[in-house]
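Several structures are given next for inspection.
What follows is chain A paired twice: with chain B in the first complex and chain C in the second.
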Partner chain A sequence: MEVIDVIISGMINGSVYALMAVGLTLVYGVSKVFNFAYGSFYSLGGYLAFSILSFKIFGGYVTVLVLAVPALLLFGYVVERAIVAPLRRWSSWEVKVMMLTLGLALLMDNLFQITYGARVKSLPVIVEGSLTVGPVIVSWQDIAIFVLSVSGMFAFRWVLNNTWVGLAVQAVAQNPNGAQIVGIPRDKIFAATFAISTVMVGLGGILLSQKYFVSPNQGWDILVKAWVITAFGGMGSIRGSLYAAFIMGMLEAFVGWMFGLTWVQFALFGVLLATLAIRPQGLMGKWG
Partner chain B sequence: MDGKRRILIMAVVFGLVALLPIFFGGSKVIMHILIMCLIWSVVASCWDLIMGFAGIFSFGQVAFFVIGAYASAIFSLRLGVPPIISTFLAGAVAAAVGVLVALPCLRLKGAYVALVTFAVHMILAPFLKSNMGRAIGTGGAQGLLTIPPISLFGYTFQNAEPIPFFYLTLVVAVICSLIIILVIMSHWGTAFLTLKDSEDFARALGVSALRYKLMVFALTSFLTGMIGGFYGHYVGMLSTRMLGIDLFVTLMIMLVIGGVGQYPGAVLGAFFTVTINEMLAPVGSYRPLILGAMVLILVLALPDGVVGLIRSLFNLGGRGARAGGRMK
Partner chain C sequence: MLKIEKLNAYYGEFHVLEDINMEVPRGQVVVLLGPNGHGKSTLLKSICGLVRSVKGNILYKGQNITGMSTSRLVSMGITYIAENRELFPFMTVQENLKLGAFSRAARPHLKENLDMVFTLFPRLAERKKQLASTMSGGEGRMLAIARGLMSNADLLAVDEPSLGLQPNLRLEVFRIIKEINKQGKTILVVEQNIPKIAEMADKIYVLEEGMITFEGDKEKVLSSEHMKEIFLGM
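On to the complex of A and B.
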C-alpha cells in the first residue's frame, strides 16, 4: 500500500505548505512586499523550537507554541516597522524591498550558522508511536502536524474574519487609501500583516523541522516552494493558495516517489512555467 | 545625465584603470582583483540595464553568468572549440536561455518576473549536478577543472601572467560598456523610460513593450553569458558553489552602492564591492554575515546608491536624478 503512504505524505506536507503559502500571499496581497527572507523566517521557527526544547522545560511543544508565537509576531512586526516600512516613501521601493530582504536572508542564515553550527539539528517528535488502520500505518507525529497546521489555518481564518485587525487587513487589501481615509492605520496594518505571515511560516518551520531537520540554508527551498504555490494558486488569493498547496504537496510526494527527490524541484519549476504560460493569474487569482 | 557625460565618466574610469598596472603590475593579487573588478563591472552593468533602465525585476543575472561559464567551458573541453569562439557561443546559449525564460514571464507583473528568474537561479545548481547535467558535461557535483585558457593570434592568455589578461579584459569591458551606453542613448533607452513611467501610455504611442523587453533580455544575457565564459577561461575551474546566495548578494551590493538605474554607478559599485569583498577575505566565514548587514545598511541609508548621494550633495540635475529620487 505504498500509494496510500505517498498520499498521506502529500497531504501532511500540503497542509504545512498551505499555512506558509497563505502567509506569503497575504503579505503580497495586502502590502505588495516580496519577501526574500521568508525562507529564513522558516528556519527561525525551527531554531526557536530547537532552542526552547533544549532547555528541557515543562510542557514540551505546548511551551514552544506559547513562547514562539508571540516571539515570531514581535519579530515580524519589528522587522517590518524598522527596515521595510522606511523604504515605502522611495520610488521603485518594491525592488529595494527585494534587495533588502535578500540581504536580511543572508544575514539571518549566517547568524544561524554561527550560533548553531553548520550541521543539521534534529527536533524531537511531538508524539511517539503510530496508528495502524488495516494495512496503513500513520505515525502520530504526522497526524499531529496535520492537525496543528489545519488548526493554524482555522485560527488564521478566525482572526481574519472576526477580529478588528483581521477586518482592517481585509480593508487595506481592498483599498489602502480608502482604508486610511476611514481611519485605519494603514502602516500598522502592513506591519501586522507581515507579523502574521511571520508566525505562519515560523509555525511551518516548527512543524516541518521534526521531519526534515533544521539547517542554516534550508530556507531557500521553502521560499521557492511557497512562491511557486502562491503563483500557482494566484497571487493574493488565499483560497487559491490553499488548494495549490495541497496539489503541490501531492505532486511533490508522487514525483519524489516515482522519479526520485531531485526531480521534485524540476517538477515545481515546470508547474510554475506552465501556470504562467497558460493561466498567468494562477488558479484563482485576479490581476492587480 | 546625458550620454556624453556618461561616456566621459566611463572614459575617465577606464583610462585610470588602464594605467593601474604601471603601479601594481608587480602584484599578482592586485592584478587579479582588478581583473575581477572589470569582469563584475560588466555583469553589474547588464543587471542595471535590465533592472534599472528596462524596469524588469530579473533576478537571474548570476544564473546567466554561470550558464555562460559552463557553456563556454563545455564547448572548449568537449568539442574542442577555441575558447575565443566558445565565449561567443556561450553568450548565444545564455541569450537563448534568457529569451526562453523571458517569453513566459514578460507578460507578467514585476514580482512574477523576479520569481521566475530567481527560480531559474535556484534550479540551476541541482540541474548542473544532476545526471542530465553530467550528460552534457558539467562534471556533476565536482564541477569542471582544466578549462583551457584563451588564445588569440598564437598568444595564450595564462592567468599566471595577469598583465596581458588584464588588458584583454579591459578591452572586453570597454566594448561591453560602449554597447550598454549606446543602448541607453538610443531610442531603446527612451522607450524603456517611457515603458517604466507609464506602460499604457507607451503602448498607446506604439511602443511594443514585449519586443523591447525581449531584446534587452537577450542582449543582457548574451553579454553576461559571454563574460561568464570569459571568467571560466580565466580561473580555469568552475563549480556550482558560484550559485550560492552570497555571490548573488555581492552582485546586488554593487548595484546598491552604484544605485539602480544610475548607469556608470554600477561600474563604480563593482570596483568598490569586489575590492571590499577581497579585503574581507581574512574574516572568512563572517564575510557573508558582513555582506548581509551591508545590504541592510546601504539600502536603508543610500536608497539611490553612492552616485545618487554624490549627485544630491552637489545637486547635479538631469533626468537620472529624478528617476531615482524621492516620490512626491
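On to the complex of A and C.
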C-alpha cells in the first residue's frame, strides 16, 4: 500500500504548490512582474507562524491565520507600492523588477538569519494523530494542509469571480488599456494582486513549514519549484498552474519514492524542458 | 460643460497639440474633424486623462481637471470610448458591461443602466453570454459604446465610432449617438468621415497639424470652401 501513501503525499504537496504557483502566475498575468522574492515570502509565512506560536497564545493556528493573513496582505501591498510600482516609469522595467526583488530576497533571507539564527526551526503540527481507513493511514496534519490549501484556492476563486476587485483584476489581465478606460485604477489593482499573491505563498509557507521546518534560505527551493510549475502550466494561466502543480506534486512524490530525493529536481526540470520543447507556451499559455 | 484653454500635449519630443481652445456646451453634440494623425485622438485622450504630458487648462463643470487620473474622471462623469474598442476579450458581453459600471458613482445604477443599454442595443441583450472576442466588428463597436454608457457619464468622448464599419453600420452608430444625446448626454465625437456626422453636429471643430483651424456650426462648415477641399476632395 506504499503506492497510496505516495499518491497522498503528491496530492498534499500538489495542493500547496497549486496555491503558491497560482499566486505567482496571477501576478505575472496581471502586471508582467517576475517576483524573485517569492520564495522569501514563503519563508516569511513560516517565520510569522513560528513567531506567533512562540507566544503560546490562545487559538494556536487559528490565531496564526487571523494575524498572518492581514499581515501578509499589507506586506505585499507595501512592497509593490514601494519598490515595484516606481520602476514602471522606466524602460525595460521588467528586468529592473527582477533585480530589485532578487535584492529584496537576499535582504529578507539575511534578516531571517539575523533574527532567528541559521538553524532550522520546527513548527508544531496543526492537529495531532492520524486517520486510518483500512490499510491506509493519513495523518490529520496532512488532511488539514490539504483542506486549508484547497480552501485557499476556493477563496481566491470566489474573490476573483464575485467581487469588484476580482473582476478588475481579470480586466487588467485581459486588457490593461480597456481597464484604465472604464476607470479601474490600474496601479492599485497591480498592488492588490501582488498582495493577494503574497498571502497565497505565505499561507503555503505556514502550511508546509510544519512538515519541512523553517530555515532562512529555504525559499530558493520554493521559488524554483513555483517557477517550474508556472512555466510548465503556461505563464499567466491560472488553470494551467493548477494542473501543473498537481502533476509536479505527483511527479515529485513518485520520483522521490522510486529513485530517491536527489532525482526530484532533475525530473521536474526534465519534464519542464520536454514540455517547453513541444509547447513553448506551456500546458495552457495565456489567460484562462 | 467642458472648456479647454491653451491645451498643449506632447508625445516625448513631439508637440502634438498646440494651444487648443474649445468648448463643449451641455447637451450638445460637438464633432471634431480632421485628417488622420493630426492629433484628434490625442485631444480626446488628453481630456480623459489618458495622455501624460499635458499643459494648459481643461475645465469640466467649472472645475480644473487637467492631469487628473482616468479613474477619477470616470467617477466624475467623463467616459472615453476607444476607436479600437478595448474590450475584455475573454469576458462575456454582460461582464464587459458590468465593468463599464466600475466607478463608485455608477455601481448603484448598474441595473437601470443595463436595462437602458439593452433597450438601445437589442442585439447585445440577445448575446449577453457571448464572449467579446467572438463578436463581429460592428457588434464589438456597439458593445464598446454600450460599455461607455454603463459608467453613467454626463460627457461621452467617442473616438472615431465609424472606423472600420460598413456604410450602413456607420449610419446605425451615428443614429445611436444622436439617440444617446437626446437622452441628455453631452457628446464629443472625433471623426474623419464628415458629411454624415456633420448633419447631427451642433458644433464642429477642425483640427489640422495639432491646431484648431476652423470652428462653427454645420451650415458654416458644409458651405466652407476650405472644408470641401480637405474632406470632400472637391
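Following the convention adopted for this analysis, the second predicted complex is superposed on the first by the 285 of 288 C-alpha atoms of A that agree within 3 Å, B and C clash if a C-alpha of one lies under 4 Å from a C-alpha of the other, contacts with A are read in each partner's own complex, and residues count from 1 in each chain.
In this section, a contact is a pair of C-beta atoms (placed from the backbone, for glycine too) under 8 Å apart; a residue touches a chain by one contact, two chains touch by 3 or more.
A quick note: this is a predicted structure, and the numbers were derived from the prediction, not measured.
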item	value
Touching partner for A:138 - first (chain B), second (chain C), both, neither	neither
A:67 touches, of chain B and chain C: first, second, both or neither?	neither
Touched partner set for A:104, first chain B, second chain C, both or neither	first
Which of chain B and chain C A:113 touches, first, second, both or neither	first
Overlap of chain C and chain B interfaces on chain A (superposed complexes)	287
Residue ranges of chain C touching chain A (in the complex, touch as defined)	48, 50, 69-71, 73-75, 79-82, 86-91, 95, 98-100, 102-103, 107, 147, 151
Chain C-touching residues of chain A, taken from the complex the two chains share	164, 167-168, 170-171, 174-175, 177-185, 287-288
Residues of chain A touching chain B in the complex	28, 32, 34, 83, 86-87, 89-92, 94-96, 98-100, 102-111, 113-114, 217, 220-221, 224, 227-228, 231, 235, 262, 265-266, 269, 272-273, 276-277, 280, 287
Touching residues on chain B, where the partner in the complex is chain A	51, 57, 59, 104-105, 107-112, 114-116, 118-120, 122-123, 126-127, 130, 245-246, 248-249, 252, 255-256, 260-261, 285-286, 288-289, 291-296, 299-300, 303, 323-327
